[in-house]
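What follows is chain A paired twice: with chain B in the first complex and chain C in the second.
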Partner chain A sequence: MLFLSQLANALVIGTLYALMSLGLSLIFGVLKLVNFAHGEALMVGGYLFYVLASLQLPLPLALLFSTPLLFLFGVLLERIFLRTPYQRKMARYDEYVILVTFALGIFLQNLAFPIFGPYNRQAPSLFNRTIRLGELIVGGDRMSGALVSFATIGILIFFLYRTSLGKGLRAVAQNPGAASIVGIKVLRMRSVAFGIGITLAGVAGALFGPIFLVNPEMGTSFAVKAFVIVVLGGMGSVKGTIFGAYGLAIVESFGSILLPDPTRSLAYKDAYGLLLLMLVLLVRPQGLFGEKERPA
Partner chain B sequence: MKGIFPAVLLIFAVLFPFLFRDYWLYVATISLYYAILASSWSMLAGHVGLISFAHAAFAGIGAYTSALLVIHQGLPVPVSVLVGALVAALFGLGIGALTLRMRGPYLALTTLGFSELFRISITAEYGLTQGSIGLKVPLMIEGDRVLSYYTGLALFVLTVVTLTGVLRSRVGLFLVAMREDEDGASTRGINTVYYRLVAFVLTSAFAGLAGGFYAHVVGLVSPQMTRIGEMGLILAMSVFGGLESLLGAALGAIILQGLTEYLRIFTEWRLAIFGALVLFTLKLAPEGVLPRAYVYAERLLDRWLGRA
Partner chain C sequence: MTHKILITVLGLLVVLGLAPGTHAQEVIKIGIVAPLSAPGGVETGQALVEGAKIAAEEVNASGGLLGKKVELVIGDTSGQPEKGTAVMERLITHDKVVAVGGEAHSSVALAEIEVAHRYGIPLVIAEAWADSITAKGYPEVFRLTVSNSLIYSKAAKWIKDAGFKHVAVIGENSDWGLGVIQVFKDNLAGAGIKVTAFSAERTVTDFTPQLMQLKNMTPPVDFLVDGFTGAGELLMVKQAHQLGFAPSKKTAVLGAGMDTLYPGFWETVGEAGIYVLSNPAGLPGIPKTKTSGGFAKAFKAKLNREPDAVAMEGYDSVMVLAQAIKASKSTNGKALIDALENKVNWEGTRGTIKFNKDKTPPWAYHMWMDVPVFIIQYTKANQDPSQAAILWPEKHATVKGYIRPPK
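Let's look at the complex of A and B:
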């Protein structure tokens, strides 16, 4: 029974992990950079949903309204901080983007402290009742979060593989030079990819809000998990990211019942992901589904 | 002109305890801790092109190692601080060996994860570390503030001199060559992975050294010193002071730390302000605010001298 409930939990959490990591993976694929502010995008989404919900907006509407705001936020950030250095082929661009996204994360996190205070906030969940499947009990907040994530991932995959905008994004991810020759606007695709990435993280944050709590520092641990997932699955690969997300959720879920001391096992839940990351870096640095890096 | 500036700074630093006492002397001692961290981090980020987010964690490793050795083994403070630096270097070696074979952001990713893991473990291992309450640590030199300040100054000078020495040596040339063109450097026979590892281990050791020093100045080590915000502070100091200048980064640390004391009134907004400062700096003067101010000041001085 313990096995089954842990597995169910892993599947639910894994779906949520997949949602937040796909944003990171998409940004990496198209912009070729790791967004170190991804955790903070998640935190912003969490607070945005919390604020909209406390305005007495119906919850599904609150979630729906937050998406264009998050997308706009992402596009704006890309335009301000990432576009010009890319266009001007700035010297040492790789280091610049790490610094600027990390600084952005620090800024947002510490902006949230004075605005919302260091306390934990609990956002209301879309669906409150617990669901019983035989002996299996899953919380309604988790279940509804997983279902919405699942649907969002479905929409994302449809968008990426079946619409012309999505195909444009994938073309830029594969080869920006060739994409621009066939008339795809590379700069616009970069903005769109960043906007979508931030939106996915933000929606994940809104769905995490009721399950874990919303606080200014919530982003860091989720960001680290998303990094682990993306490295595990292979950076920029959609399939790999989804597998990585379930993989990490399963490892965490079963890892946490290995240690007898409950407070410790809770604290070290995050450690399993890191051990997994180190293992992947040792054995298969390109990730499960990533392409091997070829030196120029 | 180039040599005069550091000399003037050093003379001022040596005379500082005669001009200021108690509170501001203590503030200056703490800012020396940050100066060591910022200058070693800027060597790594600016000259080698490696971005590590575990610098604050390495300082924490140095601090906890030294604290635990003094408390449980009764080791003298200087020895335990050195051991702390060594342990930090060993951790650097482990992480570096794992991630520096690959290009790209793997070091930044892994160090961020490691830093979080370290903070979580020291918070969870209450029996050993007193968790988030923090560990009370004996002060160095019976808490003599002037001598502690001079110890910090000596460690800071040691850091800058050693790292500058490395940068001016053959190895330094290798590092810059690798940063500019890695494939080019490796076709000329430079073992790029090896030298990156050397630079990473060296700077990690200095972070550990700074951490040990800090522990015995403040008398308390807690998981607070390895928070991501601390890492953000080190980054802000280095970027503000100029990533490509060790002294600039150190000055950045001292200025921002001094500002922090003034900004105490609105403590909550401090890191948000520094975060915004970094974003503005990266956008408007990516080489750093201080190097740009230095160039302007020099131009102004030249014009003024030219007319006189």
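Let's look at the complex of A and C:
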């Protein structure tokens, strides 16, 4: 029974991890860049939801209203910081992106401090009561977060595979040159992808907030996990990211209770994921479902 | 040519503007170190700073020190030792403080005492409990709160007497958290009480796997020690209650860190906070002293709630340093240290503070040995610690013993 409870918790957390990592994976897949501000996007979403909730908006509406705002925020960032250098075919564009998104992350975090203060805020969760199925107990905040994540991921997959805009994104991810020949506006797809990526991170933040408290640094540890998940699953692969998310959650949960020295094993919780990542990369450098780069 | 002249003039102005003033010091600066951002315990740090500020205002209202005004220079150490070192260096070398008070995290305090020792500047520790802070024996370091050995040996004895049989401790792997684990192990092992201890990173936010494990252990865990500070402390209580583990009819929980004393605790844990135990190093008005009433009034006027142990410690730290400055009629480090050791006998908000010179046991050096300790238990949601039931010491107890939750 204990095993099932642990597994249930791991799956719930894994769903949230998947939501947070899919944004990063999408941004990498379509724009071919690593977003170092992903953790802060999560934080922005967490605060946005908290603020809307404290304005007495009914919680599902607060979540709903956060979504277009986050999308706009993402598109704005892409337009201001990332589009022009790309258009002008800047040399060392990849390094530039790393610097810019990294600096953006630091800026956003430090912006949150004077605006919201360093306190840990408790955002209200969509559903608060603990859920009991016999011996199985899962907190209502986690469960509702996981269900909303699941639904969002479902909508994302439907969008990517069944709508023309989604197919356009996947086309640009495969080959921007070919996509533009067929008439897909590559620059627009890049903006959309970045916007969606930020939105996914933000919604994850809105769902994480009630569970793990909202504060300016909340994004940092989750961003590291997102990187582990995306690289583990294969950068740009949706299936890989989801797999990696559940994999990481399970390794973290069971690693911290199954290891021989229980008094220390919780202390190494973050290390298990990284260990898993190292092992996978040794055997499959492109990640579990990633594509190997083929030299031309 | 004019370009060069312009730049030179501007450069000179900038340099003159930034250079420290060379006029005679009109103020006496006292540094305050406290965690004011994550991963430190923010509300704890703020209470400390508010207490210190009230003390500084009082001192200035009654004429200042040696004819000069007191100015507090506040440094945010965020619960990170590197920041503690950096802040101390800045306070001493750049702001030129004559003494420093405060700190609420032991790992940071241990970094700070090194800097204080190097410069010979007195450091009065307000709320950091690791034994080694005073056990190291640096003459510059004084402490007017408890040490882990002092408080948790008493808590362990209470746990024994109250009849608990299996104590689980989840401690943060900071010097304080590991000290908590050690003291409980040392004090309970001999008495036939089982101790299961886990340590974890300060930044862990999900304790659910461990709590599930503890809930399913045999023999059953009947006492959980939450050895965390900051967000971790609050989340552990929340998650333990969510799992139906603690506080519950079968298992009690003690929040060993001080973040259970603030409104943020209730915001996060809600109903889960009822029946949680805490061990503050002071409660307002117990005992009533010359300064406790005035301080409580000033604190309530500012923050609309009763003062807590940490705020009182912040106040006492500044006042004790003020007394030392007055008594030695100087701001020289050595003179202040001598005054703190031999001349300070000040009626603080929690009792009369006098620092011990004895080195047995090692942590007792420069400690205020009579610091009051309480074990309290919350009986209502959103309760202020001053209204909670007092379980120990017996002479102040308001209830017969541990209150067992109905379910």
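Keep in mind that, in the parts below, the second predicted complex is superposed on the first by the 284 of 296 C-alpha atoms of A that agree within 3 Å, B and C clash if a C-alpha of one lies under 4 Å from a C-alpha of the other, contacts with A are read in each partner's own complex, and residues count from 1 in each chain.
Everything below uses one rule, namely that a contact is a pair of C-beta atoms (placed from the backbone, for glycine too) under 8 Å apart; a residue touches a chain by one contact, two chains touch by 3 or more.
Because the structure is predicted, anything quoted here is derived from the model rather than measured.
Colleague: Looking at the overlay, what does A:270 touch: chain B (first), chain C (second), both, or neither?
Modeller: Touch status of A:270: both partners.
Colleague: Let me test your reading of the model: by the given contact rule, A:31 touches which partner, first (chain B), second (chain C), both or neither?
Modeller: Touch partners of A:31: none, neither chain B nor chain C.
Colleague: So, A:139: does it touch chain B (first), chain C (second), both, or neither?
Modeller: In the superposition, A:139 touches chain C alone.
Colleague: Counting only touches as set out at the top, which of chain B and chain C does A:114 meet: first, second, both, neither?
Modeller: In the superposition, A:114 touches chain B alone.
Colleague: So, A:280: does it touch chain B (first), chain C (second), both, or neither?
Modeller: neither
Colleague: Once the shared chain is lined up, is A:215 touching chain B (first), chain C (second), both, or neither of them?
Modeller: second
Colleague: Return first, second, both or neither, reflecting whether A:171 touches chain B, chain C, both chains, or no partner chain.
Modeller: The answer is neither, since A:171 touches no partner chain.
Colleague: Once the structures are superposed on A, label A:204 by its partner contacts, choosing first (chain B), second (chain C), both or neither.
Modeller: Neither: A:204 stays clear of chain B and chain C.
Colleague: Name the chain, either chain B or chain C, that contacts more residues of chain A.
Modeller: Comparing touch counts on chain A for chain B and chain C gives B.
Colleague: Identify the partner contact of A:99: answer first if only chain B is touched, second if only chain C is, both if each is, neither if none is.
Modeller: It touches chain B, and chain C stays clear.
Colleague: Touching chain B and also chain C: which chain A residues?
Modeller: Dual-contact residues (chain A): 113, 217, 221, 263-264, 267, 270.
Colleague: In their shared complex, at which residues does chain A touch chain C?
Modeller: Chain A residues touching chain C: 1-2, 5-6, 9, 13, 113, 118-122, 130, 137, 139, 212-213, 215-217, 221, 253-254, 256-257, 262-267, 269-270.
Colleague: Show which residues of chain A lie in contact with chain B when the two form their complex.
Modeller: 33-34, 36, 80-81, 90, 92, 94-96, 98-100, 102-104, 106-111, 113-114, 217, 220-221, 223-224, 227-228, 231, 263-264, 267-268, 270-271, 273-274, 277-278, 281-282, 285, 293, 295-296
Colleague: State the interface residues of chain C toward chain A in the complex, per the touch definition above.
Modeller: Touch list, chain C to chain A: 36-39, 42-43, 170, 173, 196-201, 203-210, 212-213, 216, 230-231, 234-235, 239, 242-244, 264, 267-268.
Colleague: Which of the residues in chain B come into contact with chain A in the complex?
Modeller: 45, 49, 51, 53, 98-99, 101-106, 108-110, 112-114, 116-117, 120-121, 123-124, 179, 183, 228-229, 232, 235-236, 239, 268-272, 274-276, 278-279, 282-283, 286
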